[in-house]
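After this come two complexes, each holding chain A, first together with chain B and then together with chain C.
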Partner chain A sequence: MDVTIVLQQIINGVIVGSIYALMASGLSLIWGTMKTLNFAHGEFYMLGGFFMFILNVQAGLNPILAGAISILFIFVVGVIMQRLVIHYLMDKPGWDVSPLIATFGVSIFLQNLSLKLWGERFKNIPYYLGGEASFFGINLSYHRILILIIAVVVIFTLWAFLKYSRFGMALRATSQDRDAATINGINTKKMFMITFGISAILATAAAIMLSPIYSVNPWMGESLLLKALAVIVIGGLGSLVGAIIAGVGLGVLEGVGILFFPSEWQNVIAFSILIIVLWIRPSGLFGTKEW
Partner chain B sequence: MKRKIAPFILIALSLIIAVGLSACSESGRNVEEIRIGVTGPLTGATANSGVASKQGMELAVDEWNEKGGIEVEGNKLPIKMYFEDNQGKPDQGVSTAEKLFNNEEVDFLIGDAFASSVTMAIMDLAGQYEKPILSGEPVSSAISDKITENPDKYKYFWKGNVGSDAYGDSVYQTVKMLEESGDFQPTDKTVSFVVEDTDYGRSNADEVARLLENDGWKVVAYETVEVGHTEFYPQLTKLGSLKPDLLVSVFTADSSGVALVKQINETKLKTLHTAVYYPTRPEFIENAKDSSEGLVWIPLMFEPLLRESQVDFATAIKEKWNVVATPNHALGYDTMNNALTSIAEAQSLDSEKIVEQLAKLDRDGILGRFVFDDSNHTIKAGPEYIPVPAVQIQDGKNAIIWPENISTSKYQK
Partner chain C sequence: METVAKTNKGKRSFVARKEYWYQSTKVLYSASAIILIILPMFVGNYTLHILTLTLIFAVLALSWNLVAGYSGIFSFGHHAFFGIGAYVSALLSIKYGLSPWFGLIIGGGIAAISGIVISLPVLGLRAAPYIAILTLGFAEIVKLIVSNLVGLTRGELGLSGIEPFTSIGSISFNLAHRLNSYYLILAVMCLVVFVILKVISGPRGLALKSIRESQDAAESLGVNLRKSKLYVFMLSAFIAGVAGSFYAHYVQVLTPSSVLGVDIMMQILVITVIGGLGTIYGPIIGSFIVVMGLEYLRFLGDDRLMIYGVVLVLVIIFMPEGIIKKVFRKAK
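Coming up: the complex of A and B.
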């Protein structure tokens, strides 16, 4: 088999995988701090896409400004969602299941709201960078290269923020022991709200970069959420490093797998890996057994 | 004593109620209106087609009601449409169809309005409820094949669009014409497919593959993706290594089509690309822009700019819904008119009489002449009936390139 083709598939996989990682990081962050999953995470992604479309295409703002406003807005949406939905369920009986059902309900509500507001037609955002790069027989649009760069920058910034900022330390403390964090003066309720907001920002960053390729529509978050869920389980629930490695790894395996199997096996590959990982390491590649 | 007879009274009452209900269901509701049920996608990846189809159907119903409705057993009755969303999913299609029959007691069901796979799941209900079911846009020949194999079972089921064999033939004849004219010179006669994983996608691809293989072509790749899929770099990289002479793509979601043509452009894949269905949506050229230039596609069923007879309909849709008319509007309108015409001709809501009239249907619609093939209950395709021309996008506009007798332009390399 031609090495160039394999290399091109690896590059394709890394780019798609970086987006899986970006989406999965948001889910992982919420699991790490609140020990729950957000089934409306795909709808943060969807709302991010619509806001980008409205600001960039309809209002004519340049992509950087439109992206910044979209991120700010969806951050607020994430915070509000935590305060209005999750906040009232925390520490109540049934916490294991109640946020899953509640966020699933929010997901359906947001899909139908966007259908009502913006209609069923697909919306397209032009590429932020036109043209294609060709090197060593590999063809790639500049926009995809930009996706990779932005994804790496966003994930690295998140990692540095969590590791070195006061907020990051407070967040990690809340994640490790909520009561001890509260005794030490950390406002954990505020932490939870901001965590939801940051998670929404990560989904919006993915939407901003992917919408020019994937089109904007009310259901765009569904399939990506499914992949992100698989990624965080493979990587280990709550592990940021796990989400990144599993995301990129899954993207590469899907890309290279197509060379050997028909496309209909793409999801089979993803979920077979999930089953194998769960079989060998039930807590995921980088997960802890505490939960 | 009272305690002893109480259970018997309860049982007797239950029996009376049950018999009463059963009698009601046999005699039917009080017929004050003609109820047409429709199941189709109003949400999900194909919602844009479903919504357009619904708008076309509503226009048809309004026109019949403005004329005073339809005469049934001597009384003019208004028509009421009940549309249920099935998200383009077969299981939802069946449950919505059951709901329409049981709760709304519809006299006639249009189902599925859009998807072949949903229709495959629904069609068995026609015999079960002994009510006429007419599909809207689905083309999969697998539907027609089921009818041919068991005509008695599917006596009440009719397929309101042409079959995928007509689509396959259109692609095949166009490729053959381009080969003969020297515009297309395949080196190895290899073809690859990138299609959605539905009955629609597979049936159209299979038909094209069958015709090409009979002509010495070889299928080198057959890639199926889920509905609404938009990441094609892995598939296109694979095709880049196989270097197929011809690529055939079939999608019902135009987002997939837009993404595919853009990514073909980016990956610089050199092949003759022939598309089925998705460029029919007006937003396709708008969103794909230059990447759509030169694309050959089928079927151009609705194009008011090229077919004068469709201009009035396009204006009516614009006036009623303030949207650009699409083939989905036209086929929705025609399907509803075919259903209502059969009821009007039958002058009855009796299923037997309605299907008798469907068999005799010969109606000039927006898309052409609607006549059913009695052997498989499928609308006939061809120049005299519903034409399935092939077009090429030239300077951002559609130009008919096949069949030659109605072509508006030559193929441009």
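Coming up: the complex of A and C.
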């Protein structure tokens, strides 16, 4: 087999994997602070795609402005969702399962709401950057390179934000010990709302970058959500590094796998890895703790 | 002061225990018998079809309730067993001309075996989210396999012309005789209810409930966690498989998305949660509310599913114990 083809697939895999990592880090953030999963995370991604389509294509704003406004909108959506749904379930009996069911419900609601508002026709967003780079016989569109850059920048910003900013410290304090955080004057309720907002932003960042490649439609979040769930579990719940490594690893594996298996078996491989990892190492590859 | 408080307290518990006439088991049983057995004789074909679907979903929800409601293991991949039962039975009857009656058992059997297989990795997990993702991934694998093996299953084109249940004497089960199919699934459901009642009132049921309350406590009291979980997964997968193969021979058309889609899981979840987790009648009543509600609200179009999502959220927030425990306080 030609080395450049394999190399090309590895690079493509890293790019797709960076988006998986972006989606997964949002889920991971919510797990870290609230110890729950958000099955409506794929819908944040979907809404982000629609916001971008409306602002960039229909309203004709330039991509940077459109992206910024989409991110602002989705932040509000995330905060509202936490306040209206998750807020009422916290600290009640059945907390380990009730948010899973409730966010499932939110996901159905948002999918059908967008189906009603925007119809079932697939919508396309043009590439933000045209053209193609070519080196060592490998072709890469500038858009794909941009995806990788944005994903790295966003994830790095998130990491730095959590590590060094005052808010990030408050967030980590809340996830470590909620009572102690409250005693120290942290408004934990506000923290939870903002966490959901940030998580939604991460999904929308992924949507903004991926929408020109795939089309925008009400069901676009479903498959990516499943992937992101697989990624955070393989990487170990609550571990940001694990999510990044597992995301990129899965992307590369899929990219190279396409050379050996027909593409419709791609997801079978991804979920088989998920099951095997959980079987052998229930805490995930990089998880330190079994929840 | 103290005595007043005490009597007040006593009064309150008395009021709570007060039984209305409609809450007595006798009234409940005879009413449901009349509704389920006699009423269907007088309804049209369309209503009968909806009723049959309702009972299929009731059986499916009952089987999920066994795992989720009684044992506290929230599997989000239960639709896989439904689909496996449906496809195994349909394929056996199409390719090898096997009688659907055997298909019912074999479909259930294969589903039970896959239930055992998937329960193996689940055994090592405790946290609900891990189990949810794992089972969801398993169901996705099953769906992809079915839709990718185009040579065998015709993929998304689906299977059609699946044989109905072969007639016993003069009792035929084809689409012209929907009432017979209805009574068949009613009998299956009664059998399932009987089996589940037997299981949960026996020692195994106590073990399962203790697992739901606290795994560590259950283990320390000598409950064999592995064995109990394997058993409950196998049984509930078998029942789901039977429901699936009944569905295949009743509707006679199968596509991967109609029996293996996540929306089937959603339906199971909504039915059981609305009816009441960990109750016998909950899934049945929930199925009547959800399946019939969805069917008769068809005129709402897309809004229907939006309402569906909102209802699920509202139920989880305001009525997590389900309708059955709200209305019939004595219900188990």
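Keep this in mind: the second predicted complex is superposed on the first by the 290 of 291 C-alpha atoms of A that agree within 3 Å, B and C clash if a C-alpha of one lies under 4 Å from a C-alpha of the other, contacts with A are read in each partner's own complex, and residues count from 1 in each chain.
The rule we apply is simple: contacts are C-beta pairs under 8 Å (C-beta built on N, C-alpha and C of every residue); 3 or more make two chains touch, one makes a residue touch a chain.
Keep in mind that this is a model prediction, so the values were computed, not measured.
After alignment on the shared chain A, the placement of chain B and chain C results in a clash.
When the two structures are aligned on the shared chain, A:L115 is found in touch with chain B and with chain C. In the superposition on chain A, A:A170 makes contact with neither chain B nor chain C. Residue contacts after overlaying the shared chain place A:E264 against chain B and chain C alike.
In the superposition on chain A, contact of A:D96 is made with chain C only, not with chain B.
By the touch criterion defined above, A:M209 lies against neither chain B nor chain C after alignment on the C-alpha atoms of chain A. When both complexes are overlaid on chain A, the residue A:W279 reaches chain C alone and has no touch with chain B. When the two complexes are overlaid on their common chain A, residue A:G105 makes contact with chain C while staying clear of chain B. Contact with chain C, but none with chain B, is seen for A:V233 once the two complexes are overlaid on the shared chain. In the superposed model, A:I147 makes contact with neither chain B nor chain C. On chain A, the surface patch touched by chain B in one complex and by chain C in the other comprises residues 111-112, 115, 262, 264, 267. Within the complex formed with chain A, the chain C residues making contact are 74, 76, 120-121, 124-130, 132-134, 136-138, 140-141, 144-145, 147-148, 262, 266, 269-270, 273, 302-303, 305-306, 308-313, 316-317, 320. Here chain A touches chain C in the complex through residues 31, 36-37, 85, 88-89, 92-94, 96-98, 100-102, 104-113, 115-116, 222, 226, 229-230, 233, 237, 262, 264-265, 267-268, 271-272, 274-275, 278-279, 282, 290-291, going by the rule given at the top.
Those residues of chain A whose C-beta lies close enough to touch chain B in the complex are 1-2, 5, 8-9, 12-13, 15-16, 111-112, 115, 120-122, 124, 132, 134, 139-141, 144, 213-215, 217-219, 223, 254-255, 258-259, 262-264, 266-267. Those residues of chain B lying in contact with chain A across their complex are 42-45, 47-48, 50-51, 194, 197, 221-226, 228, 230-231, 233-235, 237-238, 240-241, 253-255, 258-259, 262-263, 266-268, 283, 286-287.
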